[in-house]
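Below, each structure is written out as structure tokens.
Okay, so chain A shows up in both of these, paired with chain B first and chain C after.
After this line comes the complex of A and B, so read on.
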């Protein structure tokens, strides 16, 4: 890896606790990870494997129980580090009372952009995600796919150096999914570093340069997609275990 | 600065878009306009009735806005994840909390200003109308134009907002609330008796101070606890504040045609500000110490 990694985790552990501070679950357990500048890095794993928890520790939303997390060599809570970040959450968290235009202006404001620049980028991004015709409607009435596009545009409004995408194609139809994948590749080709999570192997295969597979909070494999063999699905199942079939005989009898 | 301003305006906008805010505002306006009118013919103390109804509306309905607004906006931000997205930007948790609290206070300000101006209009109308009635015996003058204006501030915006929503896609609740505030400002120009209005100002301020303390408490609890726990704790604060909530009842002075001394208002403010600051600091401590999932 050339240069300092954009994102670095060393021996990170996250244990959630209940009200009485008793440990309830080890969501992440001794994770080491480094994302190089300009690459598209995928965190893969089944549901509950610790992908979103890892992302939230990188964003500074969750404090690690042990270990060290850094972004651009700084603490994730550092404002200077977060000024260079764009984040698309797993669900499109939007203020339903704001219109699409106001939503983008709001996030542009949080990035500290001047009003004129915010308006210019908002118009550009609305056109890019094909929502310019409904720009003045409250996003509370949008379909899941439209809300996803608004959220994606919000993540890009500050022209981030690091884009963190949590399940970016969640809720999108096949056409929109392809558009998002093409967009991610184009952004990466333009020099942006992308860290994404997914449990859809096709997403990782099409977009990622390098992946890490998580299972029960631990890394079980890491490497370039091209080096993992012919079928990512076979590789994935070998690492996290094959699916068990539901026992339906008693229920159906 | 721009980041803070963005959070303040988005929070105020969010609360002004809430149907609950509109219902409480309309209830307060109707209470200030209609309640005194019901008694005009029986007791003969029209302006006192109008004043007490207005102050009660600001106090009770204002406390409702101060209580529910921060809990609803903070819990919604944290539970739906919009707070997490905002905090993934270069916004500190302290700044986020304080600016959202200011946004809540701004929404409360719109409420208090609207109701205060409508109350002043009704009190002014009753006072001046009362003098005319004494001379002419025309009792309808007591509640005629000023009462109509107050009622218009409550009801006209609903109709206008519905029309604007139907034909121009304006946001119904936001439009209704802003129109109410606009009519209230215009209504204050009607038969404005500056001396009387200045006489009532300290009473209005005394009614607002405990609500702002309640607002700070609700904001602090909302970032740490779930909505039901935050509501319970805020209710406990409201109960502790109850004696202070009755502050405006010092209006014996008002009833006798005098005013609450400005020094008393200064002392009350000096007592309220440290309490508000302490509650906001508690909120800052809570938001900085918690995980945001």
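After this line comes the complex of A and C, so read on.
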């Protein structure tokens, strides 16, 4: 890996505790991870494998119980690190009473862009996500796919160097899914670092340079997609469990 | 600063588009016009003024206190529950800025609604009507007086054993209350003196003296006597005769009489046939004409906005640390304690602190009363309703404590709690 990693996790552990501070679950257990500049890194794993917890620690929304998390060599909670970050959550979490334009202007302001620059970027991104015609409608009335596109545009509004995408294609139709994947590749080609999680292995296979598979809070595999030698689905199932274990007949009996 | 205004504007827009602002405006305007019809006055000018100021504007202030406190508890708690807060927290924005901007937006909403209500009050009031500075006699504070009384009181054989075995701080508090309520008797043919800190020489405009001759049963009594106040080498006099009202206001006239006492000393010679009683700390005031009602209404408005700011900052902080329902419940309880604590303290004096539970309960109530006094008292309106001056230094004090210090302090605490709470 060339140069300092954009995202680095060293021996990271996250233990959730109950009200009486008794440990309840080890969501992440001794995780080491490094994402290099300009690469598209996929974090894969079954439900409850620790993907979201890892993402939240990288975003500074969770503090690790042990180990070290850094973004651009800084603490994820530092303003300097957050200024270089764009985040698309699994659900869109938009303010329903704001229009699409106001939403983007709001996040542009939070990123410290001057008003004229905010307006220019907003118009550009609205056009890119094909929402320029409904830009003045409150996002509360948008379909899930439209809201997703507003959220994606707001993740990109501050010209981030690192884009964290949590299930980026969730809720999108096949055409929009294809467009998002093309966009992610284009952004990476332009030098942006992308860290994404996905349940859709085909998405990860199409977009990611490298992947890490998490299971029960631990990394069970890491490597370049191009060097897997088999389909990502087979590789994934080999690492985290076999679909044959789920016997439909038993369930129906 | 850009982030601050963005979050401020988001919160403000939310209040406008959710019709919270419109609802508050309609309710406040309706109350301002309805209140005078809902309460019956006593037929006096003072009574009408009391209705106009204390109940109309006071009702709006109370409405805003409750509704904005409730809104404030939800402003962050609701955002956090809907996961929108984390979308702001991953941007380069200080956590303190988030809390401060949300507080400022809600205070702005309160300020707008209150401004409309105040404007209605201004339109129907005589703005040029003068208000008065209310000066009290210069005396040792009740606590200072209590401390000088303490040793003698504890040695006095009449002092109850329960009091003698009580903690010094409790006895001092008891004595301080007694000092505050201490009656002074002015026997027939006798003279009483009280010292005042006078304003600059040119500031003595239309002085008058207000005396409240009351006892614990509020029995009215005839008062006959002469008042004299020495002001920078000149004597001002007033005469009280055959007045049977509990509160006596006597305008002072400048006379050419020879100097009888040093400057700032007010004398009252009781020339009636019976002894008179009053509590100097409460019942003797020198009133000096100040600026008009309009200016005082404006200062009262600023002080009420300060009060709203304190409440909103507290509510936002509660919402940062607690879930919405718990924050709301805590805020309502805090407001109720604030309203009820003065009467609870009055009804349960220290001598009843015989067990630990009472003592702890009273200590909590007393602290709550002290901390929330500006909220429960609605002092500026109480002053306005009796044409007293809302002093600029009080407004400045309220501004510094409630608009500058309290929100910053609560925002600082919020910034510490916010990431932990998001973590769940």
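Heads up, the rule we're going with is that the second predicted complex is superposed on the first by the 243 of 253 C-alpha atoms of A that agree within 3 Å, B and C clash if a C-alpha of one lies under 4 Å from a C-alpha of the other, contacts with A are read in each partner's own complex, and residues count from 1 in each chain.
In this section, a contact is a pair of C-beta atoms (placed from the backbone, for glycine too) under 8 Å apart; a residue touches a chain by one contact, two chains touch by 3 or more.
What you are looking at is a predicted structure, and each value in this text was computed from that prediction instead of being measured.
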Look at where chain B and chain C land on chain A after superposing the complexes, then choose clash or fit. clash
For A:145, using the defined touch cut-off, is the partner it touches chain B, chain C, both, or neither? Pick first, second, both or neither. neither
First (chain B), second (chain C), both or neither: which does A:158 touch? both
Looking at A:107 after the superposition, I want to know if it touches chain B, chain C, both of them or none. Which is it: first, second, both, neither? both
Looking at the overlay, what does A:136 touch: chain B (first), chain C (second), both, or neither? first
Of the partners chain B and chain C, which touch A:61 in the superposed model: first, second, both, neither? both
Tell me which of 147-155, 327-335 or 345-353 in chain C produces the clash with chain B after alignment on chain A. 327-335
Across the two complexes, what residues of chain A are contacted by chain B and by chain C? 59-63, 79-80, 82-83, 85, 87, 89, 91, 93-95, 97-98, 106-107, 109-112, 114, 154, 158
Show which residues of chain A lie in contact with chain B when the two form their complex. 56, 59-63, 79-80, 82-83, 85, 87, 89, 91, 93-95, 97-98, 106-107, 109-114, 136-138, 154, 158, 164
Give every residue of chain C touching chain A within the complex, in rising order. 2-3, 5-7, 9-10, 13-14, 17-18, 82-84, 86-94, 419, 422-423
Applying the document's contact rule, which stretches of chain A touch chain C when the two form their complex? 59-63, 77, 79-80, 82-83, 85, 87, 89, 91, 93-95, 97-98, 102, 106-107, 109-112, 114, 154, 158
Would you tell me which residues of chain B are touching chain A in their complex? 2-3, 5-7, 10, 13-14, 17, 80-82, 84-92, 169, 171, 174, 291-293
